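Presented below are the structures under discussion, each in the form of structure tokens.
Here subunit A shows up in two complexes: once beside subunit B, once beside subunit C.
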Partner chain A sequence: MTVRMEVFSGDPPCPGCLAILALADEYAKKYKGRLEVIKLIGEEATAKFEEYKLGCVPAVVINEKIRIEGICPSRTTLDNALREGGL
Partner chain B sequence: MIKIKVFGSTPPCAKCKEVEKRATKIAERYPGQVEVAKFPAISEEGLKYSVLFTPTVVVNDKVIAAGEVISEGELEKAIQKEMERQS
Partner chain C sequence: MSKVKIEAFLSIPTCSGGVSLSKLLKEIEGELGDKVEIAIYRGRHELYQKYNLTAAPAVVVGGLVRIMGVCPSKETLLAALREAGLE
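Up next is the complex of A and B:
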């Protein structure tokens, strides 16, 4: 089963958003075929941002569950979140 | 009337939200004298002030903070200075 990770960033991006976007690219390569990474930036993120009732960016939603909000997570934290999400 | 403009990313990051909260809190101390408006950094209004960093705070058309969470004290000082100038 493919795990779906939605990564939210503001526009213009703050340092935390830049870091999380880089992490998203890294994880998309690392787990190719097992992880679907969707980057939602700025205006294009607004609808989903409201749908999930997020408060601020950066944020990560894994399989439609909010896992990270307001910070760029460490790799360990993101790994744990993905594991909980079924990866 | 003193106008505070807060420019943030879209969707907002934690820093942008904090600055907006502080500005609103200070405006409540000066009912009818201070007005707070929030704008996306990438907007017509943002271009007027050449907003490059978020959050950016403008008091009566003067940029008083960019890329940092301004303290309540500093923001209030800028407002009082404007009030003195206007009187």
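Up next is the complex of A and C:
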């Protein structure tokens, strides 16, 4: 089963958004084939941002469940969230 | 005496620092509304490029870039305002 991870970043980005986008690229490579990473940045993120009723970025939504909001998580935190999401 | 201008730059969607900065500016406006002029810009406004900003949130006081990529404390913002001529 592929786990879906949506990563939200603002534009212009804050330091947390830059960090989370780098982390998203890293995880897309690391879990290629098992993790679907979707980056939603700036205006293009607005519709999904509102759909999930997010309050701020950076944010991570895994399998349509909000896991992280307003901060770039550590790798440990993100790993835990992905495990809970079935990775 | 002319008002000190505060220009704030926030990302779209707003990051956690941007949310904090918005609250801080409301507080400052409530306390010093007759002494400051506040302008809030969202997204990649032309002034974002003009000031060579690289991260949001950012605060420009009296035409000088003072804060970038973080929400300042109230003390920090007040110090910047005083340097720009706030009495």
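Here is the rule we use: the second predicted complex is superposed on the first by the 87 of 87 C-alpha atoms of A that agree within 3 Å, B and C clash if a C-alpha of one lies under 4 Å from a C-alpha of the other, contacts with A are read in each partner's own complex, and residues count from 1 in each chain.
Here is the rule we go by: contacts are C-beta pairs under 8 Å (C-beta built on N, C-alpha and C of every residue); 3 or more make two chains touch, one makes a residue touch a chain.
All figures in this text were calculated on a predicted structure; none of them were measured in a lab.
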| item | value |
| --- | --- |
| Partner chain in contact with A:P73 - subunit B first, subunit C second, else both or neither | neither |
| Subunit B versus subunit C as contact partner of A:G10, first or second or both or neither | both |
| First, second, both or neither for A:L18, with subunit B first and subunit C second | second |
| Touched partner set for A:A45, first subunit B, second subunit C, both or neither | both |
| Which of subunit B and subunit C A:G85 touches, first, second, both or neither | neither |
| Common interface positions of subunit A, toward subunit B and toward subunit C | 8, 10-14, 16-17, 42-43, 45-46, 49, 54-58, 70-71 |
| Parts of subunit C lying in touch with subunit A, wherever the complex brings them together | 9-19, 43-44, 48, 53-57, 69-70 |
| Of all residues in subunit A, those that touch subunit B in their complex | 8, 10-14, 16-17, 42-43, 45-46, 49, 54-58, 70-71 |
| Interfacial residue positions of subunit B with respect to subunit A in the complex | 8-17, 41-42, 52-54 |
| Subunit C-facing residues of subunit A, complex | 8, 10-18, 42-43, 45-46, 49, 54-58, 69-71 |
